[in-house]
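The data blocks that follow each hold one structure.
Below, chain A partners chain B and then partners chain C, in two separate complexes.
And then the complex of A and B:
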């Protein structure tokens, strides 16, 4: 909260320079607007005279000539009400509020006036937006299941969700955020299922945001998160409309920003970050096993290289005799201590990943191959690293990519560095101490005010059915209690459990 | 005590975890030697007797607290007035602090003996207390969460007993009841230290939602501890013979040495590291309770009380340097604890019964 206060103070100091605030007269506004080359004011004087002003870059001129002018040039017009009556469009506003005009015109409305200097005008909505086609989800790809991903347009995205939840209770609250960007932010929930407190917390935090431009939902994610210093993401970031629809029906709240192809959902718990949405498309036995494998992968990814460092630095007694020979053979000529070896390798893997992420995909692949095979082999043959550690580090990097939520996989890769340092300092005990520090952080963490590691602590046995493992749909009869849904039951348990007799 | 808001409280079943994690501490790693000294291979009977008697004590503690509907500091104030009650509370807090110190210092000793002989006490004490601080600052809910996690993290360590049972000599336990009653009682007294820790309920009970419901969980917690000790004693007795046991200071740790997995052996290194999650809840619940007690007693902010406590415990743990001193500390604290639980709690129970009746008739 201190964060917001600080911003507020700053904002008050700067508010004088803000063009759309403070007193502004109509001629001043027109002068400002006309300063841009793409603003045009056209005088129409066929039967009666009126002025049309709009941004050519926001409004499609074709719309003006095809859908607007034909209806009003052929008729004698006395005032703006006449125009409003004859135009077959909705959402028109008649106003003389200069600020309203300024806000709307810059958001893609057409201003129609009878008199050039008269502030009273009719605002006709006609925003033309350039949309990307709906494409296949890339970061959360699934083999089976829907192949739609969000795009940058908020309305298209809402359409994608709403058609999956065709009920009147599906509610969208809209807020504008950002002093300059005026980003449309939608808070989505199902009325009667979502906890009002969660909805209010989300709305409250979003309206409290004070920042000049909000480009993406990830800005909002950081600004409204409970602890902004935590490396752990506190809201799930998803590009799948089906996932959003599904979490909404669990009683959670989703947040979408215009211009961002990602929705945020919360309150969330840490186990959700390790559940891929594809888990629900597979049979529950398979899904549960894959979830467990993913969980093991996370543990392996975080702990393997620290444990290697700990054991080889302090506790070589722990290595069994048979394994010792292999390890000794691989580490025989290495001039560096295990910690240096591990850090250099971990960093080079991070380097590869970072280079691959910044480069175009085709070059990126090449870099991956060059880095992975050539440098790896060369490093081992040159005797700079042991091949056992190379295997461990490469596997750990691979394992970190199994995390279905991208932000969490970043966190996991980062986490192993403090573990490495502790392992070098106090061996296995150091690893345990580092783990304890992280547990202490996680225990204190909340997501929209709800405990972050919820099904584990506070222990919610019911929620464990869809946490580390996923049980069949027939036993998933209650919504997760950690989000405190108003309507707790997902289905009629009795009817779902009804068994048929042998020959029925 | 109705002023504690509900979102600060913890569920009644948490009493189970808080009691067991508080009881099972560093003692379990090597208590077999102490109890076997007098009762020999029959010491397991003492474990049962000790455990059951603690169930009675839990019942008494709950009666004492629920009659006044307060924590022990409130009870003291109501029964003995401001000054005497305050002094008694103060003495009790000193005892609690010394149990924290015992646990911390003994664990540090284990680390120094088994893993890092060169590691200085100040460094490791600082790290452990810093860790404890990061938990206690989050409040009782975080501390309780740690005890749940600690419970589940340490649970798999039971499976390591399998390696000892592979080489067990079950005849070590025969003949049953070979020792005199007084020997068994002496061993029961010795086992007390390992059951100590539950008396912290005296301070955190107002933070349990519906304390009356939590009583059964506290009993279960104590029974679970008893069960754990029984298994431990049983395994140690069938693996070591009595003479060997007398020369084994850390029986459980020694048993971990024989673990032989295809990818790891000498499991005591990992075991001692994992034991952090058994020790940490001990220290954290203790620190939380004591700082809460100081806050209730002297109107100091709990945060400041916590910082003072950590400083004091840090200094004390550095001042204790060798095995003898740690041994003396352990013995003394367990003796004081024995008298507090077996003498003072029943005394409080009776006094309250007498005074309580008097007050009731006065009011009526």
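And then the complex of A and C:
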């Protein structure tokens, strides 16, 4: 108990120190700012005297000389109001709040003062940032459909979404997160469709974030997820503006952070992680079949090597008669029991994947080929693994790549290891027990407070139209009910079914 | 909460002894066929055939037979174990063979040990062999890699066509069930071939009679609907044709079961003439004649088979059970007494749908 008490005291002290930070005087601030080499204060004294201060690294000097100075150097100026009147710019703020000045100057505003030690100043916005060009999506590539992906600038990203939803109900709420990074985080939703409770949950959770720096939206993903110990991602992470736009129109909420080329969308369900956005670009029959294939691939990826271990260790009765000779012959030379064989091979595949991911893309390819072909063949010839298992593990790895959401495919990679251990201890029964554990975990899981395996449990028959299979657009007349949209209907079903073609 | 979790984790460590024992595939000796031979009144010779896979991709497995003679089959397995480098596992057993002398004495005790083994499936084939099962299992057959594979495929395809279906499940069902008796395929080793020679008729677990292969087809017609099989019919002098069964159906009609029962069995065979040398089958008027000839021949033969069953007091068709299922207050004792003398009438109806194209 003493141990716990001590900890509490320490925490209190820490929070106290945070709150006392509040008092700062103007000269102190200027001293702090000037300590940086890239902060410059220029005295302008042509017709009237005033001081311009800014960070050279945040403000484009061209802007200062072309768009700012010419308007105010030619005219006699008495006070800051005069300057504000003559500048053809918007977003200027006149303030004597030291904290406001500190925040704005560090975010790329230009400070204009009449006197050097005057605490009142005019803040002129002039942030210039270096932006990456909008490029094609890489992790969620699709052959047909839009080829735009988000970039690191929040404003550009919002532009990409807003131009797809040109309606006044499209609402962006902005919050700053992170004590040091002060990252702009936008909560995006369509007013009148999205459930207010979902929006409020998202806003509340984001404002509650206590952390010093938030670099990427994946930080937020982990910080606001309902269960942060779960290996399953609880918000979808996407780089496609078209996907975000379509998800918003379903009544979901999107979260974007400045500096992150990914949007988070939620509340989400597990089936959404296995639906690629390309599914909507294909005919519904094809899309449905591909979705089912993907689901089977996931099951195969998770269960194939555990089942191999279970069957070979405990249930030789299950092996079909024709496969028996092949299996025994391939296993005969191997010195390891099936579990070791499987773990060694699974780990080496993971090793290859990690190595490939950490290396530059060109070297990564070589690693893939060297690992896949050379090591695989050599391992079989050296008698370290059986070729049957090599095929199973390679196929399982391949199958795990079919998952369209990267975070989910990582989860699937990891998921087979507990299955392997259970298979080794209790055979197929162990696999079943592990499966029960996972299913019960999924049942308990929520995404922004909404059930995670929603269309399946609780059963929402209407939502099943776009879950394991995707039915044609003409029957997708309702928004997913598990999201609880305010406006439930996507379209007028009757009008959608009318045909206006002239038939003779 | 933490304490609770710690206790759970700690108990898991204590439970490590409770894991099921491992039977890693390549560390066990899988018995794929067993044969039982009669030795003396109490002693049975158990022959277990194992297929030992060879190193390399395309090398077929070698079969070996382990033999021991004891009073109980489990003890025999223990004795055979003494010669084997790996422990025997019986879970992949494909077929159990019984010597004909043994079958005449009764095989239930031997089937019972198989029945009680939870690792065995219910689709295990059983067969009765004329002569020694040991020599049958020891022979290398050019037709297949191992004798067990040969036997498995042999029975598989013959049970689709000419002999009644029968595995350990059917055997036990018919053994335990009242008003029916089991049947098993009858095999014989001929040189480097194994041949299905017919069907063994069993009363309880004892073989009391045999049917030839041609008659087995007719027996199958009486027992179950099926879609294959061939039967040869004599048409006129020196003229024969074979009829291939496309679809057969059997119906039973019982009359006055409680006092003086009589049974009518209607068999509908839809078939095609698959071979008819010297007969101009393309003539439509002839088809009717062929149908009548086939019906006549099959009627005569099936009625003979039924008489034979009645004489041996075996109810291979399961008529007693069928009668029970249709009669309220059915008396098995009375039926069993009356069975040999019940008038059983088989009427075969043949319909020839095709006569032109043959395979």
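As a convention for this text, the second predicted complex is superposed on the first by the 478 of 504 C-alpha atoms of A that agree within 3 Å, B and C clash if a C-alpha of one lies under 4 Å from a C-alpha of the other, contacts with A are read in each partner's own complex, and residues count from 1 in each chain.
We take it that a residue touches a chain if its C-beta (ideal position, glycine included) is under 8 Å from a C-beta of that chain, and two chains touch if they have at least 3 such contacts.
All of these numbers come straight from a predicted model, not from anything done at the bench.
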Touched partner set for A:457, first chain B, second chain C, both or neither: first
Superposition-derived comparison: chain B or chain C, residues of chain A touched: B
Partner chain(s) touched by A:333 [first = chain B, second = chain C, both, neither]: second
Partner chain in contact with A:325 - chain B first, chain C second, else both or neither: second
Which superposed partner A:427 touches (first chain B, second chain C, both, neither): both
First (chain B), second (chain C), both or neither touched by A:391: neither
Touched partner set for A:317, first chain B, second chain C, both or neither: both
Common interface positions of chain A, toward chain B and toward chain C: 314, 317, 319, 426-427
For the chain B and chain A complex, residues of the former touching the latter: 11, 111, 115-116, 119, 124, 127-128, 131, 134-135, 138, 141-142, 145-146, 148-149, 260-267, 269-270, 272-274, 276-277, 280
Chain C-touching residues of chain A, taken from the complex the two chains share: 312-314, 316-317, 319, 321, 324-325, 327-329, 331-334, 337-338, 425-427
In the complex, chain C residues that touch chain A: 19-20, 22-26, 28, 30, 51, 53-57, 59-61, 89, 91-92, 94, 119-121, 145, 149, 152
Complex contact set, residues of chain A against chain B: 314-315, 317-320, 322-323, 426-429, 431-433, 436-437, 439-441, 443-444, 453, 456-459
